[in-house]
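Next up, some structures in structure tokens.
Note that chain A is present in both complexes that follow, paired respectively with chain B and with chain C.
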Partner chain A sequence: MVDPESGLSLTIARIVQRLQGSSLHSQLERQARVSLHKPEIKLESLKEDIKDFLKTSGWEKKLQNAVYSELNVFPSPCHPAAPPEHMKEPLAYMRKAQRPISEQKELLNKWNEMGTDEPDLSLFRPVYAPKDFLEVLMNLRNPNYENGEQPSFRNHLGLIQVPLKVKDIPELKEDFSELGLNIGQLGIDDSAQVPPEFFENEHVRVGQKVLAEQDSAAAQQYVRQGCPTALRADLWALILNISNQPEDILYYEQLKSNVIQHDLLVDSLIYKDVKLTASNDDYYFVFEDYLYQVLLCFSRDTSVLEHFTYSSATPPKSYIRGKLGIEECAVFYPPNGVIPFHGFSMYVAPLCFLYHEPSRLYQIFREMYVRFFFRLHSISSHPSGIVSLCLLFETLLQTHLPQLFYHLREIGAQPLRISFKWMVRAFSGYLATDQLLLLWDRILGYNSLEILAVLAAAVFAFRAVNLMEVTSLAAAEAVLADLSTLKVMPLLQIFLFATVT
Partner chain B sequence: MAGKVKWVTDIEKSVLINNFEKRGWIQVAENEDWNFYWMSVQTIRNVFSVETGYRLSDDQIVNHFPNHYELTRKDLMVKNIKRYRKELEKEGSPLAEKDENGKYIYLDFVPVTFMLPADYNLFVEEFRKNPSSTWIMKPCGKAQGKGIFLINKLSQIKKWSRDSKTSSFVSQSSKEAYVISLYINNPLLIGGKKFDLRLYVLVSTYRPLRCYMYKLGFCRFCTVKYTPSTSELDNMFVHLTNVAIQKHGDDYNHIHGGKWTVSNLRLYLESTRGKEVTNKLFDEIHWIIVQSLKAVAPVMNNDKHCFECYGYDIIIDDKLKPWLIEVNASPSLTSSTANDRILKYNLINDTLNIAVPNGEIPDCKWNKSPPKEVLGNYEVLYDEEMAQSDGPDRDMRSRSGQSTGIKGNRARDSGKPVLTTWK
Partner chain C sequence: MSGAAGPGAPGGTARAPLPCAARAAAALQLGGGADPARPGVAVIDLRFPRGGAADLQEIVFRNFYTAFLSVRVQRASAEGPRKWVTCLRDYRLMPSPHTEEGSQDYFSLFRHQMLCDVDQVTAVRFILRQPSPVWLHFTIEELQIYPPSQKSPQKDFPSWLSQLTPPEQPANLHGELPDPEKVSTEVQQMWVLTEVIRARQAAARIGRFDVDGCYDINLLSYT
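Then we have the complex of A and B:
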């Protein structure tokens, strides 16, 4: 157990190390130097005066936001003696469950066989679809866990059989207290029947103030009640600490030229995914070209490799021909270490409604990925990881809608089989876009993906009456096939705060 | 009044027929006694023509005004709008105010247009002021993008100059007449593609003017990325948004049909441009629709047996200014996608609920004031009677958006004189 004192100093040391040498650091230095010319900076009180200057000119705020961003993204340090794998994933059996290297190599071999000139896309089956991934998760077991011989009603009857700790409704109510019945929400209290004076106008005013202050932490708190559409793009950028500096735009242009200069085999997977998903979507087909741009650049962006320090996954390596196994001849493949899977482009698509400058769109997506989305397709014990989300969903359903759960199980329609794809995609492509954005507001606000599991359970609760009448998996799928008319916030609110437990 | 409504149509579209049948109406032939006739524009011409026409009785309703072409023919629409503006100018109305360049501030919503061959010389004068501009040639009497082409050189329309010199009094058959308009080469692009707006407007009477706007309009996207490059002026997939054209493109998709809802457009614009400019844009769109109807109201034959559902085509440029391109008397009732079919079915349903109250045998003497409950997805766009009696406080304009319904009054902040405009 790490004592709080040394835990804090470890954190500080790590943050200082990460920010040192960053562009923010050099900007601060430059600003400090520039300030020396100002009359209010006196030699006797140099340090204090410069600090005051940085505070009033907004630079302290920028530093604050950067520190806050680091705290959000990186986990707290474990024991100083723990090896780096523990920061990626503390549980040994989870680490072992990662996709085996042999499987990755097999995929790469398959690619190497295909030509690059005119890829016949029909030859590329999607690398994996959510269904395959679910099979892997279902087979996870903790070898140290013994839950007794006789299965009883206390046992978990869902598909996920690992004993991770998940929250119950009282805990969720506390965590998501801002979604309570007596608190104003966008998505509920801005509907046509409610006069805007009651909540909406004031909420917009507060939002504009938060943006003026440029305070990440305040923004994160604010968006828990939803973002006004006109302010959302800027609020998300503030929370994700994306400032769109000239060097960021330059970096993006560099990636773009890489795309033009070199083909990657993974590009074909991206083309296929976009064509199969976003191009057929009523909301997102318009942005097809933007999706190619962003995703092709993304796969070449080696800065994404950084997130593997706290992700349980490991980027696959490719070896120069004939040098298999020789580490000096290894490169990460694709360069960003992320193999796109079926539906991957749907992570980007909703963002196109908010950002029409490609470089800003790109940065927002990249940050969303390394903060949130990567957890949805890697195997880890993190509370926002897909395994925990599945378990949370199943537990909520089994505990609060036991009749429904048993019925669906009886007819061979395990609920997770239906809701899994919603959660893996963070509901993108299933909800109407305005509703999806309200949901993602809360992901950012609470810095957690748990809300996806809660919403999935809430959807089942909402359609419970119809689901009780079905007698097959196909019929259950049909009842839940169309979520495009759902209003997300009332569902969440009722499930968390207005359901008799 | 007992008895079911007897209907006729010469447009065999399921969205129509299903709506008649679901009301239990009875299909009859044209030469029998009918109450409701959904007719094509050729038929309305016959019904009201001097030679073949006949009087309609009080219990008969048709879906076109006799001289709808004052609004729906490209050349007549422009002519009426120009006349309307001049009249307002003459009476000193603040609506006709011009800016320092001589452009109308509030009534400049149709691109500069000339009739060919009649105005050929005027056109040449205008063309020479901006020789690098692009112009679009459209045949007056055709639809679905047929016969449209772009030009950027006078030589490309030599044919019309020759004709105008030789025949000044020989009337051209209306099918040969063209309009030439300044091409909007800076359309607002989304995802790099050009799109236009299709909005449905129902007019139940012109004097007093009473019109409704359908909340569920849509955007039609080109399948090919937009470029103003002169090398692509001939590529209709870049420039013309008509579904009839786009559906022949390689990239046409049958699932979404290249269509976006207006609420998607609204969400996108609010998120990327802000709420004020988006509200202003939609206000302006409503404004130009109402002005176009007011422009033709004086010349319209306001036959009490008639109502009409128009398809308005609007293009938004990259400064977020809407332009009225044309008005269609017979908007397509063909469905290109499943969503399309649902939309058009509901459109006809709501239209019939307003035009034929209670689904009963109509009486054309009724006051054409349907109660709010039957409007369905229509919203009152402009009601001249109400505007005159209620005074300036009432906000008549509809707002289409993600949440349905009118959200109460909103002060108009564009500086236009509120009192006089909506009367």
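Then we have the complex of A and C:
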């Protein structure tokens, strides 16, 4: 691969280049200039004195947090000979599989209907639902892989036929070692029967200390054991490196003015989606207005386009009416390059419980989208991408519940058909909100979405006895229809650490 | 598959790959077989034009489902027939040969990773192995060999900066006035720092997505 020393200097150069344009850079410059008036800064040792000053005044910590955040978000630099699309997605056949043809035609048809000023919502169907996306994933094939007609060891028994590398339980145990049986967890060790002196009080104390230190890396390690409710909003903001600067509030106000200035077709899709999903949900209907505010601004935010450098997807391009082919009039549509699908608003809804100022809520959602949620609806070979998550789920189920897997397959109820919608929405809308937030704590803490696949398999393991009795897909769906009573952390612990293999 | 000189690698020092002619991957044949089985071993031979010899610094290629790579080189020797020497043995390209990891990645092999000296090489042989039977084809592509390059001088470092320290020490004054040479070098350093800061442009986006206030679109393309 890349020479290790040049790989490190490439990473450093990239991070420096990205941070140079940021507001942190100008703040540091301003602080350095202000410090020149201080008596302890001497001209002979200017550089070292300023560095010491920045260290003691806490600015070095902010810089550390920014660097850590960049390292978390961007993948390590590829080989210098690799073209940019290789960094987005190394496998050529996955790059080609990005958009189904039917979806393209769908959008063009809607365009022609867009004559009215008032969006008549009955004319709009959602662009695609998770079910359609699953069909696309099922048909993904590597042309170099031997997909023979006869069933053999090469054909996977589940729906996904792509031979990606997924972890098995011993590797998952190592990766998720902080979820082990002998380590305290919020979601288990804070229940009413356990006296708080055992774990909860100390955990909250450590959390407050982490917040006081303002250290992103420590916060990320801390939330692996769960986040106390009172500290969750601030800890998540620290991990995602969101500080509510005046510039950020101004940016949000600018987006709001864009909403008023330009109407977009995706606005109608968003209205429809919110009405169909979040407004019908018992927990989230109160946040309807927040959801509109966040999502309408989100679709006009061009800074989201940056995530396409490491996402396998490409934003659709378009031209101003009448200027087809002229590059200066080429724009991305929608401005953020993301077309919302059915259920998209459920990514935002749980965050409304944590954040009440719209600009802060917006920034948290945007950062969570460009770090995690975009992987759930784009086709890529990344270990946290939805294809790998589906394969991980199927492999875990096959390996550890082979009888259940075989039975479900025989009755025509492939398990992935049921669990796909859970994973695509990151379980939002299916779990109770407090349990969902505990799950999302771990997503942030481990910087990966694999826990979604593990939880899906754990849910099947929990209801295995009932599932062995069903005889149809509809009955299997009925058994797994209601997850709102499930407790997430005990399920994960039992599946990973307490199942006899 | 040709190994002719491609475009130079991006980066500060421009370097051109060596021109060479590579024969296509030949699979290992088992004698007397009726059905051509897939043996899982293939060989790519590479020679330099006109029988010339070259020093190797770096070998760059793009993998296509090869799991292990061995490299042998033939060196020009003054006495006797030329010998083949193994310079890389069973280098793992795919951590898990049944799965996709590493299957289409770009790789670099440097001379410090080689087991033997790779100067004055007349031919290079790549032995590709893919023990997993699930892949239909395997090979390596976009093969390029780079010779050792000369260090280019730093372009963005003005030469007068290296002469900041004064060459001779003048007679120093009494303690009332600061040493003028010392002050002038410090002021020069500060000026250079401010120049560098001013030259750097901020790369933050403005956030406008429309063209001259207009965002009226009538078709979408995904290409």
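Definition applied: the second predicted complex is superposed on the first by the 475 of 501 C-alpha atoms of A that agree within 3 Å, B and C clash if a C-alpha of one lies under 4 Å from a C-alpha of the other, contacts with A are read in each partner's own complex, and residues count from 1 in each chain.
Here is the rule we go by: a residue touches a chain if its C-beta (ideal position, glycine included) is under 8 Å from a C-beta of that chain, and two chains touch if they have at least 3 such contacts.
Just so it is clear, the structure is predicted and the values come from calculations on it, not from any experiment.
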Next item on the list: Count the residues of chain A touched by chain B and by chain C, then name the partner with the higher count.
Entry: C
Notebook entry, point to check: When the two structures are overlaid on chain A, which partner does A:196 contact: first (chain B), second (chain C), both, or neither?
Noted result: first
Next item on the list: Return first, second, both or neither, reflecting whether A:316 touches chain B, chain C, both chains, or no partner chain.
Entry: second
Margin query: Taking the superposition on A as described, I'd like to know which of chain B and chain C A:59 touches: first, second, both or neither.
Written below: neither
Check: When the two structures are overlaid on chain A, which partner does A:44 contact: first (chain B), second (chain C), both, or neither?
Finding: second
Notebook entry, point to check: Of the two partner chains, chain B (first) and chain C (second), which one does A:282 touch, if any: first, second, both, or neither?
Noted result: first
Next item on the list: Go through the superposed model and pick first if A:74 touches only chain B, second if only chain C, both, or neither.
Entry: neither
Margin query: Tell me the contact category for A:497 with respect to chain B and chain C: first, second, both or neither.
Written below: neither
Notebook entry, point to check: If you stack the two complexes on chain A, which partner ends up touching A:355: first (chain B), second (chain C), both, or neither?
Noted result: first
Checklist line | First, second, both or neither for A:433, with chain B first and chain C second | finding: first
Item checked: Shared chain A contacts, counted only where both chain B and chain C touch the same residue -> none
Check: Touching chain A in the complex: which residues of chain C?
Finding: 9-11, 60, 62, 64-65, 95-96, 98-101, 103-108, 110, 133-137, 142, 144, 186, 189-190, 197, 200-205, 207-211, 214-223
Notebook entry, point to check: Inside the complex, what are the residues of chain A that reach chain C?
Noted result: 1-3, 17-18, 20-23, 25-26, 29, 43-44, 46, 78-82, 86, 90-92, 98-99, 104, 107-108, 111, 142-146, 154, 162-165, 251, 254-255, 258, 262, 264, 300-303, 314, 316-321, 324, 328-329, 331-333, 335, 381
Next item on the list: Going by the contact rule at the top, pick out the chain A residues touching chain B in the complex.
Entry: 190-193, 195-196, 228-230, 232-233, 279-283, 285-290, 352-356, 433-434
Check: What residues on chain B touch chain A, complex-wise?
Finding: 190-193, 221, 225, 253, 255-256, 258, 260-261, 263-264, 267-268, 270-272, 274-275, 339, 402-408
